[in-house]
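Chains here go by letter, A, B, C and D, matching the order in which they are written, and residues are numbered from 1 within each.
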Amino acid sequence: MKTIGVFVCHCGRNISSTVNINEVVEEIKKYPGVAFCTDYTYMCSDPGQDLIKKSIKEKKLDGIVIAACSPSLHELTFRNTAEKAGLNPYLTEVANIREQCSWVHSEIKEATPKAISIIESIIEKTKLNESLSPVKVKVNPKALVIGGGIAGIQTSLDIANSGHKVILIEKNPSIGGHMSQLSETFPTLDCSQCILTPKMVEVSQHENINLFVYSELEEISGSVGNFKIKIRRKASYVDNSKCTGCGVCSEKCPVSVDSKFDEGLGKRKAIYSPFPQAVPNKPVIDKEHCIFFLKDGKCGVCQIVCTLNAIDFKQKDEIIEEEVGAVVVATGYELYPIENMLEYGAGKYPDVINGLQFERLLSASGPTQGEVLRPSDNKIPKRIAFISCVGSRDPEHHLPYCSKICCMYMVKHALLYKEHVPDGEAIVFSIDIRTSGKDYEEFLTRAKEDGNILYIRGKPARIIKQGDDLVVWCINTLTGKQLRVECDMVVLSMSMVPSSGALDLARKLRIHTNDFGFFTEAHPKLRPVESLVPGFYLAGTAQGPKDIPDTVSQASGAAAKVMTLFSGDEISHSPIIASVNEDLCSGCSICIATCPYDARKMDERKRIVSVNDILCEGCGACISACPSGASQQKNLTDNQIDNMIRVLLHSNAEALERE
Amino acid sequence: MKDKKNLTTEINPEIRDILVEMGAEDIYKCYQCGKCTSACPWFQVEIYDYPVYKFSLETALGAVASSEDKKELEKEIDLIYRCVGCEACLDQCPHGISTPNILRAARRLLVDFGSYPEILKSTVQKIHNVGNPFGEHRENRADWAKGLNVPDYQQGMEYLYFPCCLPAYETRNQKIAQATVGILQKCKVSFGILGVKETCCGEVIRRIGAENIFEEVTKSNIKEFENSGVKKVLVTSPHCFTTFKNEYPDFGADFEVQHTTQYFSHLIDTGKLKIDKSFYKKVVYHDPCTLGRKNKIYEEPRNILKNILGLEFLEVENFNRNLSVCCGAGSGGLWLEWEKEERIVNVRLKQLMDTGADIIAVTCPYCLQMFEETLKSMDADIKVMDISEIIFECL
Amino acid sequence: MTELFVLIEHRKGEIRDISFELLTCAKKIAEKENLNVTALLLGSKTDQIIDKIKNYAHKIYLFDDPVFENFNSEIYQKNLSDIIKKESPLLTLIGHTAFGMDLCPALATELNIPFSTDCLNLTFEDKKLKVTRQMFDGKLNTHEILRENPSYIITIRAGSFPAVEGNFNAEIVKLSPKETTEPEYRKFVEYIEAAIGDVDITKSDVVIGIGRGIREQENLEMIEELAASIGGVVGCSRPIVDADWLPKDRQVGSSGKIVKPKLYIAIGISGAFQHVMGMKNSDTIIAINKDPNAPIFNEADYGIVDDLMKVVPILKEKILEMK
Amino acid sequence: MDIIVCIKRVPQTAEAEVSIDSTGKSIQKDRLTFDMNESDTYALEEAVLLKEKFEGNITVLSLGYPDTDDTLRIALAKGADNAIRIKAENFENPDAFQTAQILKSVIKTINFDIILTGCIATDDAYSQIGVTLAELLEIPHAALVIKVDANEQRTHVHRELEEGLIEHLDIKLPALLTILTGINEPRYASLIAIRRAAKKEIQQLGKENIELEDLVINSVIEELYVPPVTKQVEILTGSPSETATKLAGIVKEKGLI
């Protein structure tokens, strides 16, 4: 029998406004096994922690319950406190009387008995807790970075520069991501390629970085510190060890298809390197369009023209197995499909384009060599309408969130357009303009004042093609006047969505995404670059819409987190994991199939199952699957749970009687 | 003493609260983007400014229809009653705000205080009193079916055919009801009509804002249906359709409702309705708001038309399906009338005529009535037909 | 012998038709109840009027004074109450006109005589006066019994008793008026004629409604001529207004004017319900339309299924002939 | 200028089918809507216009059953300041004359410069109460008024006579005018006014609150019946000349030429 102390936190008025603390303390004092009970305004504060430490020592407590907020917030704090007072941290439990009690009730007479019940049930749990010590795991100081956009590049470089090995995988033939498609970047208007390519080159040449382009993560197992991964390197049908990237193959290739890099505005060949500065600058064959593959061996021009014999039509996808200690997800974004906007012509009007397409039109390396020409007839558009919040901030039909970058890139677009076409007219339709970044508001002011860019407040409802013109139907919500703006071209600021495949990846990694497929961070404010699952880190727009500065900051942040992990030889792992009672185990092996972490193994000799303490995440799946009750979660045994439920039911019955 | 008008009278939480109670709760979602206004059919009436986007803000301020200036107030009430309830705004609104509902909240208060257009007042009264908006006699309600051997509905029949008011009384519209029963008889469908026991579905009463009378009419209709043992109702009017389907259940109705185009399309697909004759005409289909946008029935009418031999099917470019434009008859619009330059129906007719069609196919008696009436004062070589009539011609 | 009083109504020296109708009504009752008909004439320079009513009454009480030239209910009331009080006629009949409505309730109230207004018919049953009236917008008729009293006052609706000339040759009794000064609290100022040119289709007894069926704007002239021949005004349905052939204030219908003339002639109007709502309460409706299925025939009392271009000119001629 | 407006809540029968109830003396009301009597709405609007000009108070007064409160509230929303309902449930089917006597008993306790009533109630169609009331109160009156041009002491009024003729009178106040439809354009109630009106108290006067003289009844309804009317179109046939002649004959017969 333990000597248990209970500490009730007021959490300012968070708890005490709906829970009668005095009543709780008095009631708990009477509870069997409780040797001591007291309360304090902020238990997590230093004086609060001192109170706990002092009481443990003075009252010789061998189990404590802190009735406070959710354990996800301060369990660690209090376990450390207990440890400092010489109590095994796993004999410390938190009873959540805030999120699950005071916040959800408005009546004291309801919240108070509920708080008491919660505490009593946790006391019961504590009574049967054992002293545990953390599992120590060795860390493999090598990182996997998924995605070779600016986020992945930055993370890889930061980790690599700290002396650790990095595997960077990118599904496209080149790294660089969307940033490589941009012409200039806001608010400084410096050339995107110019600032990006040095970093791309650095990646390709870094001795600590192992770059796999045209590759995807096939499989992953293990846990923080020790992951096993399989990478699928897609067949490019080009032997990179022979190819010099001379480009003759692409030149001679007879097949021309829409270039994804040019967002469909330009063409590329079936054997292609996406853009001149591509890293690595080796072409790949697009099997979908290559005549050789489509027509059973006919064509093969590339093979003929390649003097280095680098074309290898027999190449197969390659699976590469690696081991890493940490994973950074930097899979980036895509634009919401224009086809979803029925009212704006649903992608049927060639002169209604999205922001990335306009970037390509502005870019010197783009399909028009930097001349702004409208796609339908290559005329110079004399008036362009830029429409903001297309798909964004539209919870009813599209996406509820703000895509964050559109306001700013519209400023940039309008300015650059005016620079390219000085007599052109740029009209921006927006509702709110969000310039919450350094120098952003100044940039907007400059655009409006010096750029003569017209801002109209209102969200257009229709774009109608009338002859050569596109007519934007809108209302100026400031004047109330109806507008039918005839333009030559319309640029839609389509919202940012996670890149396709992010959800599949999330499933593979077993990490969470929000409703829209953006990866979920461990804490929205305090742990923005970690996922909820240890060992996985997030960088860039895979986590949510953000601009380049924010992306780079987050990428470096993720790298720093990885480096922190790698800074010691081993890490500790929670001991709250499954164990097997060897006497009860019948060796049915159901748990082996159930375990999502591969943490269970059959001991062929004993014909019973054992748990790999390092791999076990303590999810509990095996425990509910076990037919004989042999599997138990440490410090959360069936007995404990049973007792907790009994207490809750019993005291609730009492509470009912009291009313 | 008369209250001095000052800035704070612009904000009247009390009015806002009562409007919210009456169904304007959407107002708080509005971020004043104005998309509703340019989606509104009135936007296409070029000389007329219709400030849809202002309604939610003014409702939130409690400033809607609260001017104490007689002329100003008349203007505002005019605005409130211009809304045809087509929900084009709702269809586009990023936050799913139903401006028709906001306006209906105001309408409900105004109706309680008799402060709405006289013509609508009399329309409501007539429906209440004689069961139809025209003040026609109840006993003449089934006159359209004279000589057509249409039985009264009896328990055990599969369908109740419910033509509603325009097809029951209005000479041109009666042809829809007659064509419909012709098709049903040809397909040997078991059906009957309520005849003189039939009463307006009440849709327009509710849209006008006379909620109490709507409830009264609805409850009495439901009772009538229950007493007759009706399980499945076939309707000609999308307005009956939406009311029976989406609103009557709130009052305890328990019957299934189908629009004739749904049923005819099904009969065609299952081979039970064979369209023998050809129809060598160019036909453009007008999506009625209430069938299309409100109930997402876009394909069935098209399916029927595309199954008619020789018929050249046309769409109104840019303005079909959910982007269709109202005929102007909804929410009381059939009874109200605006200056000739300020009519939605003219805009829509022009779009339909610009397709070069010989025939405008409709599936709503309101649309038919609006188009027919307006075409009278146009020199246009185009005809309006309900899809039922087209089918019937081809049998 | 007990008397039946009839108040003669005249305006600008002209006797009004209602007076003959009242006298005809009085004669009917007089014959049945064996009473005398006495016309009450308050006026000035009344010879012409006397001539016209002489045959309708047994007796004429004449109050001759310039003050009676124009109707002033106050002075009328003072003099009438005096004579009614004195003679206590079984019944005093007054027209249910702007004149009678202004006078009767006050007069009867002053005398504490039971009265009824806007009656279509009246009979005596067991000495009780029973009147026929209309209620609820003319939808229902009512029989009402008046409180039993030696004397009653009733106003009669115009048109209820088509005038039938009698052969009484009335005795004229000149009475001296009791009151001849116009009271300071109610003074007659003037008559105002409605401005000419302003056609108010709601005020006319005859409205000719035209629709799209007249085809050409030029045909409007023919319709105007017909209207002139019959003393009516031209109204129309919406398409005519839309075509700018007639101004908006001529539009008959739910969104235009609601008219209830004695005669409505719908020419070339098919009868959309919007239009019908504006005219269906007219006393007599005539429709001319070449489409026998036009809904307007459902509303009409008389119909001609023919080309209006053929019928209208002849109709105009025939009406002018009959006038 | 203090104004009293007498109003009546009546069934809206103009466009309705009206049927007689089982007593034979009244109508079935369940399918009818009720509203302020049409000409009363014009009287009320005229009062509000006068108030806008001269300031003062408008009291609306009605003899009616409890649902009349709804109608009085509409009057408050449209500009009246006070509303009084005389409880009809305290009286046994008063006729027009009794109604005038009851109104008089209440009005004599109120200060007023002018009383406005509608010129006719669309239900019983007597056109009696206004003029009777004026006589009982011994004040001047004018019936069928289509224009009011008042100053503090007197008012010029136009009465509408037949055939477009107008009678111009000059009347001393206090006076009673019965108002004709069309004299003005009755206003809509604004939502602010509606909210304000919703909070106002409607004074309820029962028999016990009124100093009444003996009520004299003038008439009782013996029965209601549906007037015999038949409407069946008679299609005139023949050549245009024949049909036109027949038609002209009918017009003549109806006394229209």
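Everything that follows uses one rule, which is that a residue touches a chain if its C-beta (ideal position, glycine included) is under 8 Å from a C-beta of that chain, and two chains touch if they have at least 3 such contacts.
Keep in mind that what you see is a predicted model, and the values were worked out from it rather than measured.
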item	value
Among all chain pairs, the one with the most C-beta contacts	C-D
Central chain of the complex, centres being mean CA coordinates	B
Length of the line joining the C-alpha centres of subunit C and subunit D, rounded to whole Å	21
Whole-Å gap between the CA centroids of subunit A and subunit C	88
Whole-Å gap between the CA centroids of subunit A and subunit D	74
Centre distance in Å when subunit A and subunit B are each reduced to the mean of their C-alpha atoms	47
Overlap residues in subunit D, where contacts from two or more other chains coincide	14, 16-17
In subunit C, residues with contacts to at least two other chains	298
Touching two or more other chains - residues of subunit B	122, 135
Arrangement of touching chains [line / ring / star / complete / other]	other
Set of all touching chain pairs, with the criterion as stated earlier	A-B, B-C, B-D, C-D
Touching residues on subunit B, where the partner in the complex is subunit A	31-39, 43, 49, 51, 53-54, 92-96, 318, 322-323
Contacting residues of subunit C [partner subunit B, same complex]	212, 238-239, 241-243, 254-255, 270-274, 276-277, 293-295, 298
Contact set on subunit C toward subunit D in their complex	11, 16, 71, 73-74, 96-99, 101-106, 108-110, 112, 114-118, 130-131, 133-147, 162, 183-194, 200, 203, 205-206, 230-231, 262-263, 284, 286-287, 292, 297-298, 300-307, 310-312, 314-315, 317-319, 321-323
Parts of subunit D lying in touch with subunit B, wherever the complex brings them together	12, 14-17, 31-33, 35-36, 70, 73-74, 77-78, 187-195, 197
Subunit A residues touching subunit B - in the complex, by the definition given at the top	342-343, 389, 393-398, 431-432, 457-462, 464-465, 473-477, 480-483
